[in-house]
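Every chain is named by a letter (A, B and C) in the order it is written, and numbering of its residues begins at 1.
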Amino acid sequence: MIKIENLQASIDGKEILKGLNLEVKAGEIHAIMGPNGAGKSTLASILAGREEYEVTEGTVDFDGTDLLELSTEDRAREGLFLAFQYPIEIPGVSNINFLKTAINEIREYKGEEPISAKEFMQMVRDKSAIVELDSKLASRSVNEGFSGGEKKRNEIFQMAMLNPKLAILDETDSGLDIDALRIVATGVNKLKTKDNATIVITHYQRLLDYIVPDFVHVLFDGKIVKTGTKELALELEEKGYDWIKEELAL
Amino acid sequence: MAYTENELASDLENQEYKYGFVTNIESEQVPKGLTEETIRLISKKKEEPEWLLEYRLKAFEIWNNMVEPTWAHVHYDKPNFQDIIYYSAVKKKKYENWDDVEPEMKATMEKLGISMDEQKVLTGTNVAVDFVMDSVSVATSFKAKLAELGIIFCSFSDAVKEHSELIKKYMGTVVPVTDNFYAALNAAVFTDGSFCYIPKGVRCPMELSTYFRINEQGTGQFERTLVVADEGSYVSYLEGCTAPQRDENQLHAAVVELIALDNAEIKYSTVQNWYPGDKDGKGGIFNFVTKRGLCERNAKISWTQVETGSAVTWKYPSCILKGDNSVGEFYSVAVTNNYQQADTGTKMIHLGKNTKSTIISKGVSAGKSNNSYRGLVQIHKNAQNARNFSQCDSLLMSDECGAHTFPYIECKNSSAKIEHEATTSKIGEDQIFYCNQRGISTEKAISLIVNGYCKEVLNQLPMEFAVEAQKLLAISLEGSVG
Amino acid sequence: MEQVINTENNVDIVQPNGVNGILPIELKEKATALLSTLSFPTTKTEAWKYTRVGKISNKKFDIQKSQISSIKNYVIDPNGISIVFINGFYNASLSKLSDSINVSSLSEISEIEKNKIGKNIQLENEVFNTLNTLYTTDGAIIEIKANQNIHETIQIIHIITDNKTISNTRNLIISQKNSKASIIQAYFSENASETFTNVITEVIVKENAHLTIDKIQNESENCYQIATEQISQEQNSTFSINTFTINGGLVRNNVNINIEGQNCETNLNGIYILKGTQHVDNHTIIDHKVPNCNSNESYKGVMYDKSTAVFNGKVFVRKDAQKTNAFQNNANVLLSDDATVNSKPELEIYADDVKCSHGSTTGQLDEDAVFYLRARGISEKSARQLIVSAFIADIIAKIENENVKEYIFKNLNENYNFEL
């Protein structure tokens, strides 16, 4: 699905990623953990195509295409979805209008017909149920006046609507109470198929109780320094990131 | 959701000004230039009564002693008033029925999206239209149906002949001849326009619409609109404007007068899309318009404006809140791109007790344009408990454009409450990125964001107009963000 | 023998023989040439739309030296230094200067030094600036040396006295690099009627300098004043000006700030409390010419009786001034049906990556709040005073100089029984 090789990137001349390697196959869930400032959100931003970051080295192959060559919207149209850590508010633009625009632009890119109003509304009803999102929220302005939990659920709702190949969840658990966390995680699990993949970026192990990863990677100082299974996450939670530092003599 | 950005997509294929065509139809013109003779000629051609000729000549005399105002935040070469054709009429002036209309004219209307064919009008989209091309009203639809309710909706010229008493009584009472340079000019040379009278207690069952079109080269358009809503009546009035693409600057100097008698309500919506000039600022319409409404007791006047056109716009639709408990509203979106200049806003004059006004103004500036809000809120001494709320926002889309806010707040009554807020900000890069990440292109993202930003105003428009307005916003801003 | 000069609109200024304007001859020549072409502004002049100057333009004023017996009531900070002008003439015996602080009177500096004056003062179309240029009798010249941090308050005290006198002073304040100082510029009248104080203060705030001016206007109800501050700020500097109009018949303030260097901070605050037939007009211009600067402006006014307040604040953000943050606010409370307020907060913006906002409110006291206080046993009068005090409290809180704060408290208390 996605193969990242020796990815190096910087912002304002400051090096953030220092040779990152990662491969995610269809049907897999990968968790990326790491202390603050390790480069977790930078990785998400670079994959989504934020222009502030400069990629200095490395390649990213996304299902056979060179991801780094694509514009942000074309990456999205190819099936890459980023659930934002801080979802953006767009006053006056309804969630529905926003999503319909997105879906039809993606369809147009793929040479498909626009979605019919009926089909679209049915989809809204079905998908909003997945994240227990009040259907009223769907007609409100994008993220405007949403609570923190509603914003995160709205991200997963959008993910459900756009049905991406690869979803990157950037600290989707941050700021969520346990109930909201469960709803969000259940939503993500329901959307899981053998053909798509998920990268979960998180600081805390608790999300991984609900979204069980196949692999856990530790990102430290711009590189993946350790890879394991979900037990690694538990160990990290218990021993803290200093443990990794000591164990790897970093 | 009856429409979304996506459904507009196909309409947006053509990025150019799509109303820039010329109708090839025979017309009759008076010679260029403005003298007393020109005015006498116009009046004669229109078979006007003596009193109206007198009115025109007086206005001309007043205009001759006035100077063109310079206080607006716009720069342009002053029109040469002797180089304008003041009267240009479609030769075959009045059509008895729809079948008489020349194919060219029908085609023009079709291109403009105006439906005059009463038979073909679908239920639910009832709009009666008066179509004014250059100097004269070409056709008015639904006249008979409206007449059953006692509603008069006709061209100004017809009104002068058929409803002379009403015209005499109300014309010039809200915008006097002496009001300003362009109002005086209009009073002297106006050629046609629309007149509408809603009798006591009648709620007009359909939208009334005037469509203004400048067609001939070298002409100016000077139309007058007069809407009188008698006691307890209601009317929603729409106004649309387009012009061909020409290298010259053409002058449009209209006067609109609204009179809402006790307990009446007038909703006046404009989608103004005069030719704005080309990318280098060549050509385009000078739009210098005086629009004002008078509210008697418990009356309400609501102006909604979506303006994307004209090279230079100078316009302040106003409300004189004369009657106690009267209400004035102004909702405006003004978009400027390339070299367009707009100095627009409103005046809310509070004279009566418990009068209320609301001003929502959304400016969008792109390219090298300049967009100014200029508004006056005036609370007179006897206007007890007057209330005003103003919100004037500016959105900047390029680093070469300008967005300015000039509110004038004058208060002479201590029980008044006036609030004015204004913000100026850039279109959010985070918002664009968020849209991009959902697969939406930058152009489309901007269109979405701008429409969202203008929503409070667009919501005030009748449905068909709202769709039109959204399309216009998108077209006007195509290619404006790099 | 005296010389009388007429301008277009017949203002007469009587200049006694032997007393001449002391600015450099070239400036005076330019002013003389212009004066014959200038006329007084009318309400058709946009910048004077709400202020009539007829009271000034149709009078005959005398330039006249005078004396007062004591300065005691006019010294705001007894520990600070002070330079005193009576009717626009320097009074050495009432002044209190210090060797370590570079304060002198314009009449005492060399002709060469005088050439620093008038660089940024526009004369074209500015009749009052032109009159000032022609007739300047004296003024304060203050230089805060580089790296100097002055703890004492520097006070410029202007007193006008007698009948139909005019005072034309020109002050120059230069804050050199990395310096810090606080200046009080105060205006009073003593036994004065129908006087005209026409003052210009030029201020240059150099790199990384910090300067605060507290401007206190407390002339009597039948005095007229036009006070202009022309400020230019260089990079990394901070400039604050607080304008307190306590009294005066007709007061016009022009605060013009040019921000020429990046990373500047600019603060403008003002309070005007008016009664009787007072007319106070605050005009401010903040011109952001370069990127990365912040400006904050807040003016608040309370109007009693038949008074009139005018606020016209203009913020320019020029094409290159990206990342400008500019905030402007004007709030007014009308306490009488005969009082008037005209507010015109303006933004003129030519850059896109900016955050600018302005607000203007006009209203009255919150009657619910008055009722609440009365329900707690506070008299209606006190309740109203308390709420008015609360209205201006945030601006008062911005005053750093305790003596200034105290002086304002004392005066508002005497004039309006405010409990501040």
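The definition used in the following text is that contacts are C-beta pairs under 8 Å (C-beta built on N, C-alpha and C of every residue); 3 or more make two chains touch, one makes a residue touch a chain.
The structure displayed is predicted, hence computed values, not measured ones.
Novice: Select the category (line, ring, star, complete, other) that matches the graph of chains linked by touching.
Specialist: Contact map by chain: line.
Novice: If I average the C-alpha coordinates per chain and also across every protein chain shown, which chain's average lies closest to the global one?
Specialist: If we average C-alpha coordinates per chain, B lands closest to the whole-structure average.
Novice: Could you tell me the distance, in whole angstrom, between the mean C-alpha positions of subunit A and subunit C?
Specialist: 58
Novice: Could you grab the centroid distance between subunit B and subunit C? Build each centroid from C-alpha atoms only and quote it in angstrom.
Specialist: It comes to 44 Å between the two C-alpha centres.
Novice: Roughly how far is subunit A from subunit B, centre to centre by C-alpha average, rounded to an integer in Å?
Specialist: Subunit A and subunit B have C-alpha centres separated by 48 Å.
Novice: Quick check on the complex: what are the subunit C residues that touch subunit B?
Specialist: Touch residues, subunit C against subunit B: 46, 50, 319, 322, 332, 334-337, 339-364.
Novice: Which residues of subunit B touch subunit C once you look at their complex with the stated criterion?
Specialist: Residues 71, 73, 381, 394, 396-426.
Novice: Quick check: in the complex, which residue numbers of subunit B touch subunit A?
Specialist: 1, 4-6, 9, 428, 430-431, 433-442, 444, 448-449, 451-456
Novice: Which subunit A residues qualify as touching subunit B in the complex?
Specialist: 48-50, 71-73, 75-77, 81-82, 84, 87-94, 96-106, 108-109, 114, 117, 141, 158, 162
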